[in-house]
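Next up is a structure, given as structure tokens.
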Amino acid sequence: MSLLAVEDLTVTYPGGRRPAVKGVSLEIESGRTLAVVGESGSGKTTLALALAGLLDRRARRHASRLEINGEDLLAAGRRRWRQLRRTDISFIFQSPINSWNPTRTMIAQVRDAMSAAGHAGRMPELMDLLARVGFEDPERRLADLPHQLSGGMLQRVSIAVAVIIEPALLIADEPTSALDSTVQSEILAILGELRSEADLAMLIISHDLSVVARVADDVMVLYGGKVVEQGARAAVLGSAVHPYTRGLLDSVPRLDGDRKILLPSMEPGHLPASGCPFAPRCRLVVDDCRRVEPDLIPINDTLAACPPAASSALITT
Amino acid sequence: MTQGRYPEVTGPAPGLRFGAGRLARFAKGVVWLLVVVLVAVSITFALSRIVPADPARLAAGLEAGPEQVERVRQDMGLDDPVMVQYVRYITGLVRGDFGDSIRTRGPILDDVVEALPASIELIVVSFTIFAALGILAGAAWAYWPRGVHAVLLRVVAVAGSAVPVFWVGLLLQIFLAARPDWFPLVARLDFPVAGNLNHEAAGIAEVTGAGLLDALIARSPSAMWEAARVLFLPVMTIVIHNIALTIALTRSSLADQLDREYVRAARARGLSEWRVVVVDALRNALNPVVTMLGLQLGWLLGGVVIVEVIFSWPGIGLYAFSSFQSFDYNAIMAITVLATAGFVLVNALVGQIYPLLDPRIKEAR
Amino acid sequence: MTSLLELTGVDKTFVTDRGPVRAVRRMSMTIGEGEVVGLVGESGSGKSTIANLVLGLEQADGGRIRFRGRDVGEWLDDEEAGYRQAVQAVFQHPFQALDSRKRVGWLVAEPLVIHRRGNSRERGERVRELMADVHLDPSLVDRYPHQLSGGQAQRVNIARALALEPSLLVCDEPVSALDVSVQAQILNLLLEINRERSMAMLFISHSLPVVRHLSDRIVVMYAGTAVEEGPGGEVSDRPTHPYTQLLVSAASVITGDRGPGRGTMREAIPSEGCRFVPRCPVAIDRCSAEEPSLDELQEGHSSRCWLASDLSRRGVGG
Amino acid sequence: MTVAELPAAPEAASRTRKAGRGVMWWSVATVAVLAALVLIPGLLAPADPYKLDIINRFTPPNAGNLFGTDDSGRDILSRVIHGARYSIGSAVLIITVAALVGTIYGSLAAWYGGILDRLLMRTVDVFLAFPYLVFAMAVAASMGRGLTSTIVALSLLWWPSYARMIRGQVKSILNDYHIRAAITLGARRGQILRWHVIPHTYNQLLVRFTLDIGNALVALTGLAFLGLGATPPLPEWGRMVADSKQFALLAWWYAVFPGIVIFVTVLNFVLLGEALRKRSTS
């Protein structure tokens, strides 16, 4: 049974021209990692927040199913969500420096978090975990204020605090994009290690395909609030069919690529009010795309929301 | 590149020197206080010497002949060169001597000491009420931004700052003290005496001169009730006028903090709303509020004049007003100096609060 | 290749409230006419300070910066306009670099007005030309910056920089604030510009793949100084400094390789010896005692490491 | 990177924007009325504000005297209308002088920086440390009572806050990225200041100016209440309320109506200022 199961999740902000997240369905099993890929405006952060009950009060959420550990959470109140965040769901944010109160010492905030989760007595264990993830001399350094620690160190604390409560689900929203590339790979390695040890389900959100490549089992590509393609990591990264996914993959400069050639790049564009959100930028666009919102259909090894891609895939194979 | 080609635009700010320490900062503060007071003294002194009215004439009284006036002038040292007078005044100040009042004919310091408790009582009580209520109301407004209370608070915040304080005082007097005589119209009429409460009538001893405090010391509930009734209208006048800014600033500052990512992150860690909103966000939001409250407390030292005049509150403000009315320039100078020093001191104290609210600030200004 | 920009032994120290910070230490590098040099390093490595020094926004404490053989500081003092026309810049934050109260047309024309090029009709003509050069829709002239997308805003910045036809373009992280799909467009545009106008560029980025894609030569910076320098392909394919090797392995390719494991996380930078020692997997005793110099291993490929020749033979991950 | 993913709520925003625009138009209209009072009181006032009529003193509000009459039988409404010139006119004058002096002073400090900046701003700090009411009393006492000396006193005390605000603003604008961009384009000092710095101060300056006219009005009438300011028989608003004090129990309208006019006027400037602030930040 899936640890997290979501069906047809839609989140709307009052006055938004289109929903921030529209009709997203996903499942994650324990011990597996789902990566959600998307650029700014894709609705990926909204999705993550919705799954932790952290949406803004003005946001409206609809879904036909929302279950964690088999528990139906469609009607869960704020109290229940808070309880869940103390025991079952952990969240890691993008900016390590912004996820801690700048005016209180780290140790005070870490203690707050531990006692909120009912683990006040496990501080020594947390220190051990911190030391294990490469945070030297945690007792002393945690007495500092957040701005006195580097981004990499702060993110290690965030991860340690998130993991020590032994959650069933770990949601990480761009956990490395504010960090330097060498630090980034260390953080990813730590996340991967802790995940497989604790056998928890992980949802990682990123705009960076190299991050996805490194940690994901399954990949889901979001554009304009809609899932445009999803599948196993190898399939999405290796043989994606949706023009947006392809475009993303192609437009990343690679170390082993050709030097000083033009990268295949996508047209700039906006989000249309109706039809396929990607239509204005798409090279496969046909009239239907502007009228009908395409559904996910199996094409080759993945599910993709692109009928024209399906027909061209048939032709090429 | 030569110096000064461009405005100072780039690079981190030139650093604050290290190891200055508490003592050095304290010394700096004292020097600053002295400088400000000296400037204030000098300006008011210069002004007082171009007063169109002749102090000697006033001091001698209207019936005095020219010879008498001349003698008074000599007694007061007003015929000396201005610089001599200035130096004499400053040396007097250093010894704590503000000179004599023309009006009451006693040393000004005595008058001031007598009037001070009543003013301090008024200021402290009003300040505590509007600061506490304002922060509370502003915080509630920021946390629950919609609803009837939000509309109400907006009205208070906008109207409160627009309403002239003397007019509020008059209206309160007309509609709460005169028609239904729920409250005493004015504090007491047998001015000048120390204290704002008729201690004799209330049957308690006069210890500090501040009615409420004396009633507390005497443990007399009836006197406390009387003291509170006396205080009510003037305090309300000050609160109505000052609470608006506190509410508005607390609200915008807290709303800003509640939008920050760390608040969401704290919620994500399962912290209770109380911890997130009060321990984390509100504490951070108080920084600009404290700055403003410090300034307001400073202004109150001067602003209390109007309220004291309306309610005949026998404090330093009323004393200043009476001195001004009778061109008692020595008294006016003394009050200017004291109020300025008070303002600087209050703000120095406020400077000590910043590091408590935000430990990133080492060097408090 | 004649050298256009030359930095020799440049030093820059900032005084901060936590004591002095040496942002740049004895940094030397050159850029030839029409050459694209990529400067790569992590945050705090001093790479942006280099940009500011070249642009005269900061003053070096020591060493020399020469442009066309002439000291930049001197040049700025005597004839600033001349230097500004020759050296232009594109910054990291596309929106912040544009005055929010001015329209696109005004912004693109600004350099022409400053340097008194043409009358207003000719300038209008030139603005249209420039916007076409950076593939901006001419109908955007009346927009304010906040009405643009990130990619469009960065194009406006590039158009402004091109207006004076400079011979060197300093690009300080020009794509790191942009989405991946937009990033490719801007990289392509810069590549076109380099090709069509043979404009030299100092291209600064924290991303090795991005730098490698665009650059003829790569300079790797660590803790304020260059640790490796060489032709683009050489540095990324056969890195000889352990830091470069770390960068290469961190920039793992998409094909599914899980990348490197984690090293120990030490961030302190020692004040003597090789600055990289605390993070170096191969450091020997000599490294902590004595800082290596930037030595040439092969034609045009140098490395600041005692073990460089061994490491170059063993290759990445050796 | 993808920081601004949460879309603002455009609908709610547009609702408040509409309300804001309503407030703004209302305020602008009121300001126009006030301007008329200041410029042509003679055409608007029903009676002569100075004409004594002892027999009809303390007439409560009626059809002939909408606001009633005062202790000398003068028509309060007419006095209020004529008083606008003295009250609002003085407030505008004070703030204009303060804003002008403060802006120049603050820009100089920010632009040159260094020792000059420190020196200039220390002076400002000294001025800001004076408790204004007491200080104004001292000034007025020495210059003699009257509207002029109060205007001088308040202008003297008001400019430092502008100097501080403008200095802070210019400083922060000079640190903006777009200034670096302008420098690298080769823009000269004057051009940077003219094109890229000063226009960015307009919004806040305008907001502050509007709010401060209200504040100055409160300060001015407060001083007038203490007998510092307009001398009788000038129909200045604060003076009128002050004069009414001793008759407060006898003729409530004497205190109430001029007070309401002051309140509404100040409120109006506050609302206009807030509306302008909202417009400039959205």
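In this document, chain identifiers A, B, C and D correspond to the written order of the chains, with residue numbering beginning at 1 in each.
Just so we're on the same page, a residue touches a chain if its C-beta (ideal position, glycine included) is under 8 Å from a C-beta of that chain, and two chains touch if they have at least 3 such contacts.
Computed from a prediction, not measured in an experiment: that's the story for all the values here.
Peer 1: Would you mind naming the chains that touch subunit A and likewise touch subunit D?
Peer 2: B, C
Peer 1: Decide which interface, B-D or A-B, involves more C-beta pairs in contact, and give its chain pair.
Peer 2: Looking at A-B and B-D side by side, B-D shows more C-beta contacts.
Peer 1: From the C-alpha centre of subunit B to that of subunit C, how far is it in Å?
Peer 2: Chain centroid spacing, subunit B to subunit C, equals 56 Å.
Peer 1: Where the CA atoms of subunit B average out and where those of subunit D average out, how many Å apart are those spots?
Peer 2: Here subunit B and subunit D have centroids separated by 22 Å.
Peer 1: Using the average of all C-alpha atoms in each chain as its centre, how far is it in Å between subunit A and subunit C?
Peer 2: 31
Peer 1: What parts of subunit A, by residue number, touch at least two of the other chains?
Peer 2: If we look for residues of subunit A contacting two or more partner chains, we find 39-40, 207.
Peer 1: What residues in subunit B touch two or more of the other chains?
Peer 2: 6, 9-10
Peer 1: Which residues of subunit D are in contact with two or more other chains?
Peer 2: Each of 1-2, 180, 183 in subunit D touches at least two other chains.
Peer 1: Using the touch definition up top, name the residues of subunit D that touch subunit B in the complex.
Peer 2: It comes out as residues 110-114, 125-126, 129-135, 137-144, 174-175, 179-180, 183, 189, 192, 214, 218, 221-222, 225-228, 238, 241-242, 244-245, 248-249, 252, 255-256, 259, 262-263, 266-267, 269-271, 274.
Peer 1: Can you name the residues of subunit C that touch subunit A in the complex?
Peer 2: 42-43, 149, 151-152, 179-185, 187-188, 191-192, 206-210, 212-216, 232-233, 236, 246-267
Peer 1: Any idea which subunit A residues touch subunit C in the complex?
Peer 2: 39-40, 133-136, 150, 152-153, 156, 180-186, 188-190, 192, 207-210, 213-214, 233-234, 237-238, 247-257, 259-266, 268, 281
Peer 1: Quick one: which bits of subunit C touch subunit D in the complex? Just the residue numbers, please.
Peer 2: Checking each residue of subunit C against subunit D gives 55-57, 80-81, 84-85, 87-89, 91, 93, 96-102, 110-111, 114-115, 157, 160, 164, 177, 179.
Peer 1: If we count contacts the way the header does, which residues on subunit D are in touch with subunit C in the complex?
Peer 2: Subunit D residues touching subunit C: 1-2, 176-178, 180-188, 191, 195-196, 199-200.
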